[in-house]
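Some structures to go through are shown next.
Heads up, the next two complexes both have chain A, just with different partners, chain B and then chain C.
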Partner chain A sequence: MGRTLATGNNVAGHTLALAGEANRHARGCCAGAYPITPQTEIIEFLSGFKFNKGRIVLVESEHSAMGVCIGAALAGARTFTASSSNGLAYMTENIYAAGYYRLPTVMIAVNRTLGPPWNIWVDQGDSLMMRDAAWLQFYCDSHQDLADTILLAFRVAEDKRVMLPVIVAMDGFVTSHTQMVVDMFEQEQVDAFLPPCVIPHKLKHDHPSTFGGMTFSSETEHHRYAIQQSMEQALPVLEEARDEFENIFGRRPAGALETYETDDAETILIACNTMARTLHNVVTERRANGEKIGMIRTKLFRPFPRKELLAAIGNAKRVAVLDRNHSPGSGGIFWLEIAATLKDHADILLQDYLVGLGGGDVTPENIHAIIDDMNKRTTASEPEWKDTSI
Partner chain B sequence: MSAVTPSKPYESHLLRPGNTNCAGCGMSIGLQWLDEALGDEQPVLVIPSCCGIVTAGAFPTSGYGVPTAATTFASSPAVATGISAVSAMNDIDNPVICWAGDGGTYDIGLATLSAAAERNEDIIYICYDNEIYGNTGGQRSGATPVGAVTSTTPSGKVERKKDIMAIMAAHRIPYAATLSIGHREDFLRKVRYARSVKGFRFLLMLSPCPTGWKSEPDQSTELIELAVRSGLFPLYEVFDGRRYRINQRPDSTSIKPYIEQQRRFREVWNNSDALQAFIDAQWQYLDGMATVFPAKDI
Partner chain C sequence: MMEITICGRGGQGGVTLAKIIASAYFLKGKYVQAFGVYAAERSGAPIQAFVRVDDEEITNHNQVQHPDHIVVLDRTLIAPGMDATLKPGGYLIINNPVDKTEFKDHFSGRKVATVDATSIAVANDLGTRTVPIVNTTMAGSIARVLGLTLTEILAALEHLGFTGPNKTCAREAYKRIHITTLPGEIHQAQAPAGKVRVADIFDEDVGGMPKIKTGSWATEKPERRRLTPPCNHVCPAGNDVRGFVEATGQANYDLALSLLLETSPLPAVCGRVCPAPCMDTCNRAEFDQSVNVREIERAAAELGTRPAPNRSTREAAVAVVGSGPAGLSTAYQLARLGYPVTLFEAGDELGGVLRTGIPSYRLPRDVLDDEIDYILSHDITAHTGCQLKREDMLRLSREYQAVFIATGLQNVSDLDLGETDAPAPVQGLHFLEKVRQGNERLDGQRVIVIGGGNTAMDAARSALRIGASEVRVVYRRTRTEMPAIHEEIEQALEEGIILDELVSPVTLVDSANGPVLTCQGMKLGPPDDSGRPRPIADTSPESRYDLPCDLVILALGQSHDISILPEGSVIKEGEALLGLSGAPFFVGGDFATNAGTVSAAIGCGVRAARHIHRTLSGEDLFPPPEEPIASSDQIRFNRFAHQSRAAVKTLDPDQRRRCFDEVHLGFQAGPGGETSVGQGAVSEALRCLSCGVCNKCDRCLEYCPEGVLKRDDKTDGYVFDLEYCKGCGVCMTACPRGAIYMAEL
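Let's turn to the complex of A and B:
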């Protein structure tokens, strides 16, 4: 393919297909697929792809889409799917099942506001709803980041030290339906980067076992503990995958998080997905005015990279979180994670801003206003609602 | 009932000793006859949340001697689709069999079942129909017959039982048939025929639940024989959804002894006419179909 102009959905569909095709010398690939705005083009792309050893099953619901992935992974195949918003909500039971069954499915979540009221625009509340589902979660800020992260996701998910499913999220419409220039992969490169998918606990006729039977508290606790340990293995495995990615593709994709101008920063703003790109430009402007300000893009949400985040915050004394999601009765979900990360740092002023909910544009002006607000603060308050239409 | 002669070691049997089935559960006979019909073939079992997965007992032991996947309640046909798809692309020919109760079939899993049938997936789907949500202690389902007392229909169910065979036949699947644990040869023949054809195959087995039916465990097979002979549970096959074959017609057996032996019907005992009306309507339909669309050359 080489360098091309493509939408986020096209990039995602094509990368999933290449990853699936890369398993043609092993057990093949399989996906359950069901449309929902704004991810539909992904499953349309997959349905039209000519796999040498693969099948896209066009099911009747998201719940069954993940059911097909579960069955195919139990049979040892590489599996993937895509969904959004209420589709993810409908799929939830089987999302948990795939996580607890430790099946390395990769799912693209094209972030869209959960309804009602019905709203097709971006909001991260849909995939963040799955935060406790034993899935890794990556949030991508660009088309290239998306392509690279999907390949990394398969590699990390199928690593036997991790063996957990992965959500790769992008912004609905802002990323999914816009075009950017992307370096796309050749099949041979993907073949080299992704080893054959081996699922050690797949169903075996020479060793029949019952998968997912009853357990009592002790076995269940061991099961959850083992998942936690695997989550903790994910970061070193991700670093190895980035090294190998660089060897093959000649560029190094972002890891758990990305920092910009944080070294001497007194104030740090944190955001994910495309908001982080707007934030990047605002930080550049403010730096030009001599302000000691920096930013962190949180890319990996599960496992939450606490150590890396603490190191990135460094000596900064003010941290603002931009949350494009809302947990009613609490606040922003990234803020909750970051507050837990900073529990031993009472000297840091941590403020949450709820911005761009329901797909409102988060403009440079909005972010300037947040920085101005931060500069005036002597204490943190409850999460601030920023009406981005003003 | 006829016991399975242990011609192979127990660990290679589909259902092992030590499973947790209640005495008189229709599944115990059904699973053994399924094993017998398949001979040396080893299936993959796909079982949604239901008594059928409790049968396995607690991890790390299992009452099943074949590869078995427990799925979420509404997912067995979707999970079986994934397994079947990967089997096909790897030239693995072991049958993929869903083993699901009536809750997972008639009710919560119906959309998933319908979609897998519409896609004509290469799956054998067997519903052991005990006419209640047995695993949760016996609540009404879409399969509960009119008049039956359940823990959520304390005065007897008002609505009739859903005709799942007609629903599945309407999908024009290659094969649909009913199975009786009182008719061994018929049971084995139908499972073997189902195994011999490709595509989606649906088998419905009326499965006594002494706990929920308030019946005696040692009367389970007798109850099913009565259900067949009275016409309540017709034995028949539907080929390609359009050609019907009736395997056994009702004789002059009354529905009353069937009702009398189950305390779930006691509330409506004075109204066995409701069940008889159901039987009459069912046979009017079935006779009509078998006359107009007979299965001749199979």
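Let's turn to the complex of A and C:
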């Protein structure tokens, strides 16, 4: 396809379709689909796409949408779907099922605030709600990152060493409905990048089996442990996938995290998705004024790349986390993970900022204010609310 | 980097415009970003969209704060301070007719580019008249301001799939854009207001009216209207049918009766004998069954209390000749208006055909007497046994200030059945009169009635009741063409009367076994003057046959006897007869119209009274022209539940065929249950859909998504809060009876 102008939803729909088509010489592809703002255009695109070997099944709810993916994956198909916010909430039971069944489904989470009250704007709380469901989670900041990561997701998910489903998240409206420049893929390239989907435990007519039957604690414990081990494999598999991607597409996609100006940084800000993009400019500006400031974009959330993050933080002594999400009774969810990561580093001042909850427009001025606040700090405090109305 | 803010209204294509501009620069190799602010972007609501253009990859994702240019798609959005964030040197690019410059003072010092994009778009059929889509047009004007070539902007349109009129419009706007710099100084940006207090879920005023006056989003507004229900339209007496039915539904029988008594003094009569065209036209017939209006009228007459009669207050006296329903109606209406009335009746008793033409099993004597007594209780003097002739008219014209002639149809149609020794055929009306006086018996006799109207049915059923062993009705067309009331025909057949369709009598002869009526079978041919198929003799040999009988009754219709009027009088209802000196003469009822029903006669009486009143006093009491009729298209049947009619009681055919007891007994227990007349009437009346007239069912109020409808007791209806009403039209759709429509703002 080449360089084109597209919205995030166009990119997602198109890339999913290409990935699904790539399995046309194997068991084909299948998606269970149900619409919800701001993901609907993905479903519309997939419904209109002519698959050589694939079906989009329109169902009555998100719960069934994931049910279809589970069933189709157990039959050996490459599966995918998309949802947001309360749609993801409705899907939860089956999201856990796909994870615990070890099925390599890819789901686009178009991040949208959970309700009530009713709210259509971006907030990472919906996909983060699924962090314990045994799914990998990637957070994409740009249209290009989204396109690339969807392909990486299939590659990593379907790898025998991982064999777990993957959420690929993007910002609702700010990415999904915003038109930007992106390099899209040709089918031949995707065919070359994605090997046929092989699901080792799929249903076999000559070797019948049941799924999800009762187990005792020891078997369950074993099952959970195996999942954790596969999660740990995800990082090396991701690196291999990035290498293969670079060979075919001529550029290297972002991995577990991206750093900018962190080498000699004294203060580092950590964010994800489009907020990280806006942050990028602010860092550039402050660097131009001589401040030793850097940023880390956390792209991989599950498994949480603790080693990589520690390495990226390096010698910085002040770390600010910008969370567009919140776990009531505690704090921002990225902050919680990062705090666990820094458990052996009491000398680092770690401060959480809750920014843009419920979809607030995060401006460079907002970020400047946060950096100014960090610069004045001598100690960390409880998570700071930087929403526009607090 | 260049940043543009687009201000428009939902439906004008603001977000797409952002994409068009972005595409133009993308095709030139730039990095671009285009997005809208998604919120309440429904048609008409204010929206914003943004464009960023840069040579390098764009990483800012927040909304544009300080645009290089501002585009305004709808000039009603213009407000002071709108340009506060615009960078110096930036343009306001506005969809605006060149001659309208109200915004001059808001944007002093600014560079302003205007073009009337709305006119261009409408002229090229883009969008609708109320929501024209101006984005592709504005793309042309924006391109010109930004320094894009026409080719470049057209390429962008093509890239997004816009063809034909869109390109034409862009070209037009590119050419016609008018650029100027407004005089004066640029307004300083206002200091930002303090933080707005955000409501808490536990606040007391949660749920109050919003601060945004969403009425400005509307392109249409709801209006209430009152259509004419089809029953009201078709009632020959001009009754407010829907009105008295609604009052009955509320068990307000007094109100129901007083509404009826406005136009008809004979509700107990009509509630028994009216053919009820209202029921034929009732919209509910399409849904399950028409409302049983006739029965409700009867019940209202039975259960309501009549208002006390008034006394006369005027000098002018009126004479009414004929005390049938038309005469009674006119006398009643004039007496109510305060005129003293004198009523002249040729017969021994008042009532005309009500008395002599309708048998008591349909209309009991005491019911008729009671209604006539009420009429007479107004200032009306009645003279019976008073046959007036032409020579009396001169006297009347001098003694009274107005005269009304309603002598009905005195002449009966005859039929020549040949010379015979058999008993001569009897005229139906004369037969009925003899039956009424109680002097007739026909035990064991075979009776043939010739005719198909109400008199034929009355004669046939009366003959049965006075002992006839067999009664046949012979009619030359089919049952469908018979002018008698359907229920009459049904009840006659239930009672065992035989209907011989497509038969015409030829001769009546005597024979050894008694009289014989020779009959000719008929076929239906093309329509005749009456609009009904012409009966044509069937030429096959078996089509002629004999019917033995003992008595033949003729009921072939009547005509008026105009000998009471001067020669050469032209009879026209509603116009005073010319050529008579003294008081004006009016005519009405069957005498003038031959309409043939009690309700038509009553209607004549109402109009005659108004004519007379207007002639004598100058006051015009005729109602204004009717509102459009509420057809079944106006009714949303799926809002109603099916409900069968309330049970009515009728005497068994076996019980009733030998006596003159009232056959139809009105709302009473059907088989099994005990229901009072009132319960039946209320339940039947509640089936009325109130076509075209608001009955305050509150459905509009309940369904309004914005809560902008309230009950308004001052106007006896509802009031719309147009400050907030968005013109969505849900109220119109929710109303099941067409009482609300949407008008353009």
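The rule is short, and it goes like this: the second predicted complex is superposed on the first by the 387 of 390 C-alpha atoms of A that agree within 3 Å, B and C clash if a C-alpha of one lies under 4 Å from a C-alpha of the other, contacts with A are read in each partner's own complex, and residues count from 1 in each chain.
Quick note on the criterion: contacts are C-beta pairs under 8 Å (C-beta built on N, C-alpha and C of every residue); 3 or more make two chains touch, one makes a residue touch a chain.
A quick note: this is a predicted structure, and the numbers were derived from the prediction, not measured.
Steric overlap between chain B and chain C is absent once the structures are superposed on chain A; the two fit side by side.
In the superposition on chain A, contact of A:T215 is made with chain B only, not with chain C.
Superposing both complexes on chain A places the Cα centres of chain B and chain C at an angle of 60° as seen from the Cα centre of chain A, in steps of 10. After overlaying the two complexes on the shared chain, residue contacts for A:Q124 are found with neither chain B nor chain C. Using the contact criterion defined above for the overlaid structures, shared-chain residue A:G54 touches chain B, although it does not reach chain C. In the overlay built on the shared chain, the residue A:N9 is in contact with neither chain B nor chain C. Taking chain B and chain C in turn and counting the residues of chain A each one touches, the greater count comes from B.
After overlaying the two complexes on the shared chain, residue contacts for A:G76 are found with chain B alone; chain C is out of touch. Per the superposed model, the minimal spacing between any CA atom of chain B and any CA atom of chain C is 20 Å. Applying the stated touch rule to the two superposed structures, the chain B and chain C interfaces on chain A have no residue in common. On chain A, the positions that touch chain C within their shared complex are 5, 38, 120-121, 171, 173-175, 177-181, 274-275, 277-278, 280-281, 361-364, 389.
Of all the residues in chain B, the ones that touch chain A in their complex are 42, 44, 46, 53-54, 56-60, 62-72, 74-75, 77-90, 92, 94, 111-112, 114-115, 119.
Residues of chain A that touch chain B in their complex: 27-28, 30, 32, 53-55, 57-61, 63-65, 67-77, 79, 93-94, 97, 203-205, 208-216, 219. Across the complex, chain C meets chain A through its residues 18-19, 22-23, 26, 31-36, 38-39, 57-63, 65, 159, 195-196, 198.
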